[in-house]
């Protein structure tokens, strides 16, 4: 059993913990929190030992009636690997602590690529990442793009991808984030940093991205154009994408018209938190004009990186091949809609 | 076993079906749909027999590859009771069909009170509803108000309740509904019809309501004032409300600041669809000024009526007392946070 | 003086009336309304004679204390030209009435292209439109695209344009329109009809569009890619676009980060209704990668077609050249920021 | 002529400057800005001399090609009075500077009441404020409540007012503010600080307020209950309120259903920036049940305090009576719809 610690039990951390707990070859040794908010209760309800992320906060937990098993160093001593799910930039600060404890680490996409030996996406990364002692799972948007572009590149060749990312302004719990009634170019410069980030896992794909921020909380929406090197039919592309385990082709005429319906569907079929681990691609939108492929996809920002974290753990801890790991992860979680 | 049919498998219908299926004394014989959208797939995944709500649509289901077990009349013949979860006003149209089949029926709050022999709320209605052959579960807002006002009336006496209902503009799946960037008085006249609707279950309580429609999808928010007949302390009120099974007092300092966090918490603790069957009352907001009690409560419009439907089924089909039914329902669903 | 009538005094109609009234060579003979809502008051305050759009509604106006000068046929008899600003599809129904009165007509973009002899955009259309007896001013989105693509085509040649349109869900007054918390592919198929609509004025430009609907009310946002036939510098493109009268290049570092700030700025400089008649292009976003030009532009859906209507009136009624008309219009309105 | 300086040319400051400039007995000597964003351009277009709010930023303005007439101390030397329109809390920091220059000051409602000798509302404050050397114009919400409660108190007596404030999350330009899809109790405790703030101008009125924050940008909405000491008819209340110059009774059946339509109407009738200086009260909502008065009012947060600032200037600088000042202000601005 791979003994895993999760440092930072927030939106991503709690999902990673649950996904790890669902794996046959892994166990959650513990998770950390900085303060005894509702996540502390739900961690305990989920059966995870709770550690104080910050040493001198132990008392604050105790005052709130929440028992902690120790602090971050205690957790690091007890695990084979740590998954850092702290806010952007905090992972970088934590790196020296992990290194001091000789604990291999998986970081999230909010960190700069330099935080880890390599950036990771289970579909896009090549096998060289197996040599790394630390990995950075790329961001939700980059994960979504990598999963889509990798098979297109392999099958048809990608001459150039151009993607408009209409990003959610904040997660459902982030009441302090806007905009309320605006679409904000963010960054206002084009191309955005998302394209180069794709190149940390797929270095050879030409991709330009333009990013907007919109007043929605549930999912990102990508408007994708890919000029391919050959000119397949839309049907062929559809079939190619249907063959990818972490791409969900939204059935036509099913009434799934947006993020609200997608999450409702996910909840209906029993997904925890209504999570959509897969890219959600509107089948009707897949179209080929000459060598120009178009499609819309939605990305559940809170969920798509979760199986990738599980695979990153295996990449650092086992000799399993990528395919074996992905198959194990998907089986354990029930990926595939 | 009470054999239950659900006519109208939408937002409310699918939740009622799942809640019925979870009861030890009930089974779901089947559910109806008007067309083979994603709900049809999820009904089948949930193990419910699917019936065509409209006779001549059977072929449409078949073309979509969705097998149906029959049509509405077939379902009515096979059940002891039907729960009508059709859009507002359709229940009224269905009434003669149910009567022709001699099938007792539970209706939803979108119907006029005259659709059924009595209006129903498990906490607020008196025992006379046991004589009815049909019941209308009052709307989500009225359910939320009845649960709150009943114990206040019993314990302190209610001189007058004044409530501003800030209603969600549409459910998460209803992309066609607005407003986008406006708060709309709806109705523009005050008091709104919600107060009189409370009186269909609690006839003696003086309650004036004012209703707004806001650009949110997750929950309704009620700003409640109740002038009591006596002047309890806020602590006493808090304790009274904590004793009510279907009221959830949101813990202070837990970071639960709005509907997004509440639904996140519900999902974290494993609630199907992140459903909040309970009124969610901000503990910090409970305050008494003289005889004026104030508080904020949030109502999950898709969920709070669900346990009430289960109890309405038992009120029509069994001799169980209200308390016995509520206890059974709450136990089966895991109500109480 | 060209005597102009405006049939349909709503969002577009009232702006067209004011723009016509501001021209030295035109006068507003009257405007129509279907019912005495607030627009009736503001029409009268603006000094426009009010006509009942629907014959048998005269009494309704009178009961509301709003005097009308007659009905639509009376208005048509008194004008040289009518601008139809009725809701989509109603223009088509009105066509036979205008023809029966031998009144040349300008229609809006909500109508099918077949409603008029030609589709019109002052920058994009060629001079052949001068022969038409009726014109359709293309929609707000198509107007915005035509103004941008015409100079790019002329100067660099357009190999292919690919545009994602993030459309506002509804105008600020349209409280019934959504979505509230969703980005909806609309239409879900790609390419959308907007590209072909551009071709009604610029028949030779290859343009694929993909359209989304977002929960904002103030403006549309276009994420534009144009593969050019040559590879200019970004600076050259900037200068080209700065030379176009109806393109506003948003200054960098001015704090104009979205539609809210743009409309605030427009109001600050005294624009009636904070109207932005120009395409608003983020200067920082203009970028050239190889032959791929990228930029973001915002389109004020309520306003950009307004000067085009004025020019369409002149195209049907005078022998002025396009440049002369545009110069006259822009001077009268104060276009150019 | 009263020579006025405006320190802080933002949302409130620019409106105050324009309102001052419109008065026959006042002139705008200059306005300050902290950096050369678009407001700097519009200040100059409006004919106001621009001063650097922060001494060492003069160069930054010059680099941006914006000439400044001096810095804050220069402005203070040249004026009779300064209106501080800086962000909350900055006014308090500026106080000693104003005092050092012996410049009487008007502050805004974002400051604590202690910033000035007295808090001010033209309708609510008593004449004792005339003795003050500095005044704080109360916040937009408090202004709206004071204007409404003062005549009710005078005419019927107010036993108790209970108001739910559904506040806009941010102004239209504030893209960084949320919530996006949530209604947030803010503060979560009831009563909120708004009631006590009303008491800074109307010390004897019993008023409890409960405040929410909603995902809208255009206006605040108040759901008002006032238990009166006598029981007037709704018609009598309507007539009373119609007699108040800064209350606009929204006509029934005019299609003015929310903030979007209200602002559209204001723009239609030529209001600069579509500003609504008046409380906007839905006539249909005015209702009396026993001694309980109910109504909805909307408050344009950016605008309602503007005429109050003008009157505060006169209260500090002249011997005019309140009625004379209000009449002059309203005449100059065109208040009254």
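A, B, C and D are the chain letters, set down in written order, and residue numbers restart from 1 in every chain.
Throughout what follows, a residue touches a chain if its C-beta (ideal position, glycine included) is under 8 Å from a C-beta of that chain, and two chains touch if they have at least 3 such contacts.
Note that the structure is predicted; figures quoted are calculated from it, not measured.
S.K.: Work out which chains are contact partners of both subunit A and subunit B.
M.R.: Chains touching both subunit A and subunit B: C, D.
S.K.: Kindly point out which of A-B, B-C or C-D repeats the A-D interface, defined as over half of the contact pairs being the same residue numbers.
M.R.: B-C
S.K.: Approximately how many whole Å separate the CA-defined centres of subunit C and subunit D?
M.R.: Centre separation, subunit C to subunit D: 35 Å.
S.K.: With chain centres defined as C-alpha means, what is the inter-centre distance between subunit B and subunit C in Å?
M.R.: About 46 Å separates the centre of subunit B from that of subunit C.
S.K.: So, what's the distance in Å between the C-alpha centres of subunit D and subunit B?
M.R.: About 42 Å, centre to centre.
S.K.: Multi-chain contacts only, two chains or more: what residues does subunit D have there?
M.R.: Touching at least two other chains: 172, 174-175, 179-182, 184, 215-218, 257-258, 260.
S.K.: Name, in rising order, each residue of subunit A that touches subunit D in their complex.
M.R.: 169-170, 172, 174-182, 184, 213, 215-217
S.K.: Please name which positions on subunit C make contact with subunit A in the complex.
M.R.: The touching residues are 160, 162, 164, 166, 179, 181-185, 188-191, 208, 210, 212, 214-219, 221, 223, 225, 257-260, 282, 284-287, 289, 292, 294-296.
S.K.: Write out the stretch or stretches of subunit C touching subunit D in their complex.
M.R.: 14, 37-39, 41-42, 45-46, 64, 171-175, 180-181, 217-218, 251, 253-258, 260-261, 263-265, 267-270, 272-274
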